[in-house]
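Same chain, two partners: chain A is paired with chain B first, then with chain C.
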Partner chain A sequence: MRLWPRKSRLNRLSPYQLLLVLLMTLLAVFMLMPIVFLFNHAFKPMHELFLYPPTFLVRDATWVNFLDLLTVSKSTIVPASRYLFNSLLTSVLTVVAATFISILCAFPLSKHQFKGKTLLFSSILVSLMFAPETVQIPRYYVISSLGIVNTYFAHILPMVALPVIVFLFKQFIDQIPNDLLESARMEGASEFRVFMNIIVPLCIPVVATAAILSFQSAWNNLEASQLFMEDETMKTLPFYVSTLTSGLANSVARQGVAAAAALLMFLPNFIIFLLLQSRVISTMAHSGIK
Partner chain B sequence: MMARPELSTALPVAPPQRASLGMRFVQELRRSALSYAFIAPFFIVFLLFIAIPTLAAAILSFTTFNAVEQPRFIGWTNYINLLTQDLVFWKHAIPNTFKFAIIVGPVGYFMSFALAWFICKLPQRLRTYYTLAMYAPSLTAGVAMAVVWLIVFSGDRLGYLNGLLIRLNLIDSPQLWTQDPRYLLTIMMIVSIWSSMGIGFLAMIAGIQNVDTQLYEAGKIDGIKSALQEIWYITIPAMKPQMLFGAIMAVVGTLKAGAISMELSGVNPTPGYSGHLIINHIDDFGFIRFEMGYAATLSVFLLVLVYATSKICMKLFGSRGE
Partner chain C sequence: MASVRLSNLSKRYEGNGTNVVDRINLSIEDGEFMVLVGPSGCGKSTTLRMVAGLESVSDGDIYIGPTIVNDMPPKQRDISMVFQNYALYPNMSVYENMAFGMRLRKTEKHIMDSSVKQSSRVLEIEHLLERKPRQLSGGQRQRVALGRALVRQPQVFLLDEPLSNLDARLRVQMRAEIVELHRQLATTTIYVTHDQIEAMTMGTRICIMKNGKIQQVGTPEDVYTRPSNLFVAGFIGTPPINIMQGTVVELGEKGFAFTTKRFTLRLPKRYEATIRSQSLMNRNVFLGVRPEFASLPAYYGGKSDGLEIRGEVFFSELVGADRYIHVHIGADAFVFRAPAYERVPIGELVDIVLHPEALLLFHADTEERLPDERD
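Moving on to the complex of A and B:
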């Protein structure tokens, strides 16, 4: 018993909690199954992909799918590393830009009085219900009339307008006491100093949340590559994965590579959430719409 | 009688007041210049990529436009066609979207709340792991998970579902899960529910954790007996704002779904229109037939639908008296 201090801790749970832990574990296993499957499939060597009956877990794990992914590319001259580079570059820039402009916008929305404030906030509230999928066509015309088709700007700029992040920042800044800002102003701090030295440091949990949300939407974004990019070298990883998966239903040969690519899509999202998750929950406490 | 003297005294001062109004406007602008400067970057992208496209869709919906020639104004024709001519829309897109949204929305939402509530009943140490397990599916990208679904639901014996069901003797020949109109919509719903514990779910966990524990103690004194009563009378009222946030995220998420049917079946339109959702209908007209005007009409219809449904949620969960 000494060897297993965890067990003694589990014993401290009430029978009701123990049952709950059991049920939740079952459900968690069910929820994670497709992801575990993806992990295993990505490491399967060719001969295991063809097995009948199909196996869930990998036996001889191999990196060969990842090597194939990085060296071989599907009938085009663009290597997978180029898609990966585009994805990383545009996602990171999107996260930085989206977070920065959202917190900039949320500060006066919460703490200043100015004409049009209520109008702006209510349009942000309404646009929480906005689905970019519905207006892809006019969006394309905006992008093309800005002359940014086929540039990184077309990847970044549309993804930067995330009303939900402004909303989260605004709700969070609302509960920062005004006295704190007032006393800084009394000491002669400019509004920008107040913003940089008080608002930004206090908002770090929301910055974490904003980073996760904007990264996720940018990293998973397929629309920009499909609609706004003509040049193959400007497209991103989701597009590459979609070319790998289209027509996959009939060919087992590419499954391993496609699974490896899919895993590459999932991992960054997962790692970022893992690192920042405790801060996210504390942000969400202020997410309510009153 | 009382108004007259006031009016007459007010008149002489009117012109200077008008001037000061202009002055006040300039002053106001100058005073708020800093606020506007802070807002400007977001406001510009908001305008360019959300407001203008929405407005443009509304305008395009009154035109016929094939992406090559200039849009031509045709009044309400698109809307009339939508209501009277579009058989596929009324026979497939609307019933499918309705079924999909009615199941995925409330089930996903209820599951989010229930799971959030159970997770909060667990000891602090364990909460993180379970939160992560439930949230992880929503971190997956649709395009990437297509790999998994295609293999799991693959139509030959190598498909995992077929393999499993054959071994259990539940079916005797492999089923074409994602190509068969009988199954496609159901599979779409299951996959969507699986990945629906997203941002709304996190908001609910936070909401439940932040309910004042004194409320529960007070509730016990006031005669609350079961856990269900506790949820109904204390937890939900105390976290209404988070419930509303979660509800709106669920509504938007389910009504704008559509990519899923393509990811599963690999084609648009899906076999027998069995997985045809409103978004697929928009894509069909916008990117396959290039009838942009009509596609815009469909977009407007969907946006109005999302907005109306969200309004209903606000009625249900909106905090009264605040």
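Moving on to the complex of A and C:
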């Protein structure tokens, strides 16, 4: 048995392609380094964390940082698991709500004619360009007048409106032939039926991309915990992680816990991306070609 | 089943003053197969979409049966439509595609089952019911689209260029199948196409449109042999009709002749009355001759009767049973039919006999066909 099946001349890479592959591989390795470091760092025992010069790879791998994260922080009023639970709950709800509402918004923008449509769509596009900081104060004002400070709603509602996803869905729905919708209408489908039975099922490939985008923004969202939550029990993991290091006067204590928490913060993003990546890439390719 | 009547029907788009469909009157009998045909942009699809209820009506009325349906939403019109790209729901199986309409109407399961089964049997797609549209070939998709329209047993069938995405062989086959299907079901059908061969072979009647106006409505024989104007004459038939411009002159007792710089042809007697009544002497007219009504002298049995022209062969085209020979008469091109085995060398001068019974005359200004005794 041959380990390397012989390739035909056609499949062989030209020198230029070979160079390109080499360069891309190097770039990929370079981009991978922080992630490798993150994994290694979380398993380093205390003495390795402060080594100078710092080591890239862990020598004595240990779970102690994770144990600390879960047990030591138990001594504080709110255990780390509570933050984790809050984060998971709000992120999942956000993903579901944001995706559904974005499709709901993109459908009329793409397939219906109404007054002020262009204005509405351009305002959604413009909102893509705002730096998040500029809307913090108005957003706080809205949240507090709605009376949802200190509830899960304050975590979820601000994240539901994601212009990027609306844009993504709109571009995708644009490609769905009108005949399909007209045919359904002629067969007696109401607009909502058309939406549920045709638009939503056809949008499933884009949902993967939308899910990643909205999950990332929800999972890493610090603002809600900082501004809208009064109770410690309502805050989320990113907030907890930020208090572990920057909140304290010295930067030595709990470095191990912080490293473990950082990995914990990163993992869900990583897993979701691994699961959905093939679909994401096909979405990107799709919307590019057509 | 029902008849369909369009009365002064017009369509205008905002911001664009011209009528895409301009006051057309058309009445389609119950059970008729009406083909709307014309070049792109002639308004045929818009007309169909107005009947379907997918476009609003700017002016005029649409009757389906005795009722005006102008403001009735598509789903209440009891019609079904087949789209050019089939518009099958990609996320549903063939069965679901066909049952979708009935499911929306909350039809009972066993009725739905049996109607889907029945239509799929008619179209021979029973074995495909579980598949998704993307697993089907073009021809199969076309059948499913037809089946979906069929299954609801509508009053009127609308077909919008249903065959234009198929390859040539399949198109011919489906053409025959649709006609056969219509013969079985006898449902009123409106069929839109830009392909005049489809129109000729399928329609019980044909409606030829141009720039939003109806040019002629009639049976295929009618529009072919007695086109109402130059446009219809040129649009229907391949290769297209030969059109020559010339002047009518009086020959005294011998009647009238059509003359150009290069030749003079004696016009048949049946045009005399018209020429006199419209006083076309010494005026310009167009003369039209279909390629199959012109031939080499050896292949014409009748008397040539002064209807001979002479041209230089520049191209000869074999299309199976026949050969079309293209000649130059001065600067004009002229095509006529000859048997396939007739080989005429390029560059040779040949005599061509025009068959007097098939000569058509058109008014030079209005481009309308001039009536003769047979009208």
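Just so it is clear, the second predicted complex is superposed on the first by the 260 of 290 C-alpha atoms of A that agree within 3 Å, B and C clash if a C-alpha of one lies under 4 Å from a C-alpha of the other, contacts with A are read in each partner's own complex, and residues count from 1 in each chain.
Everything below uses one rule, namely that contacts are C-beta pairs under 8 Å (C-beta built on N, C-alpha and C of every residue); 3 or more make two chains touch, one makes a residue touch a chain.
As the structure is a prediction and not an experimental result, all values here were calculated from the model.
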Clash or fit, chain B versus chain C on superposed chain A: fit
Winner by number of chain A residues touched, once chain B and chain C are compared: B
Which of chain B and chain C A:Gln136 touches, first, second, both or neither: first
Inter-centroid angle chain B-chain A-chain C after superposition on A [Cα, multiple of 10°]: 80
Chain B versus chain C as contact partner of A:Pro15, first or second or both or neither: neither
Contacts of A:Ile198 with chain B and chain C, given as first, second, both or neither: second
Partner chain in contact with A:Met186 - chain B first, chain C second, else both or neither: second
Contacts of A:Pro177 with chain B and chain C, given as first, second, both or neither: second
Three-chain overlay, closest Cα atoms of chain B and chain C, distance in Å: 11
Doubly contacted residues of chain A, that is, touched by chain B and again by chain C: none
List of chain A residues in touch with chain B within their complex: 13, 17, 20-21, 23-24, 27-28, 31-32, 34-35, 37-38, 41, 50, 52-54, 56, 100-102, 104-105, 107-109, 112-115, 120, 123-124, 126-139, 141-142, 146, 157-158, 160-161, 163-164, 166, 191, 195, 213, 216, 219-220, 222, 238, 241-242, 244-249, 252, 255, 258-259, 261-263, 265-266, 269-270, 273-274, 277-278, 280-285, 287-290
Residues of chain B that touch chain A when the two form their complex: 28, 31-32, 34-36, 38-39, 41-43, 45-46, 48-54, 56-57, 60, 115, 118-119, 121-123, 126, 128-137, 139-152, 154-155, 157-160, 163, 167, 178, 194, 197, 199, 202-203, 205-207, 209-210, 239-242, 244-245, 248, 251-252, 255-256, 258-259, 263, 266, 279, 282, 286, 292, 295-296, 299, 302-303, 306-307, 310, 314, 319, 322
Residues of chain A defined as touching chain C within the complex: 177, 179-180, 182-189, 193, 197-198, 201-202
Parts of chain C lying in touch with chain A, wherever the complex brings them together: 52-54, 73-75, 79-81, 83-85, 87, 89-91, 100-101, 104-105, 152
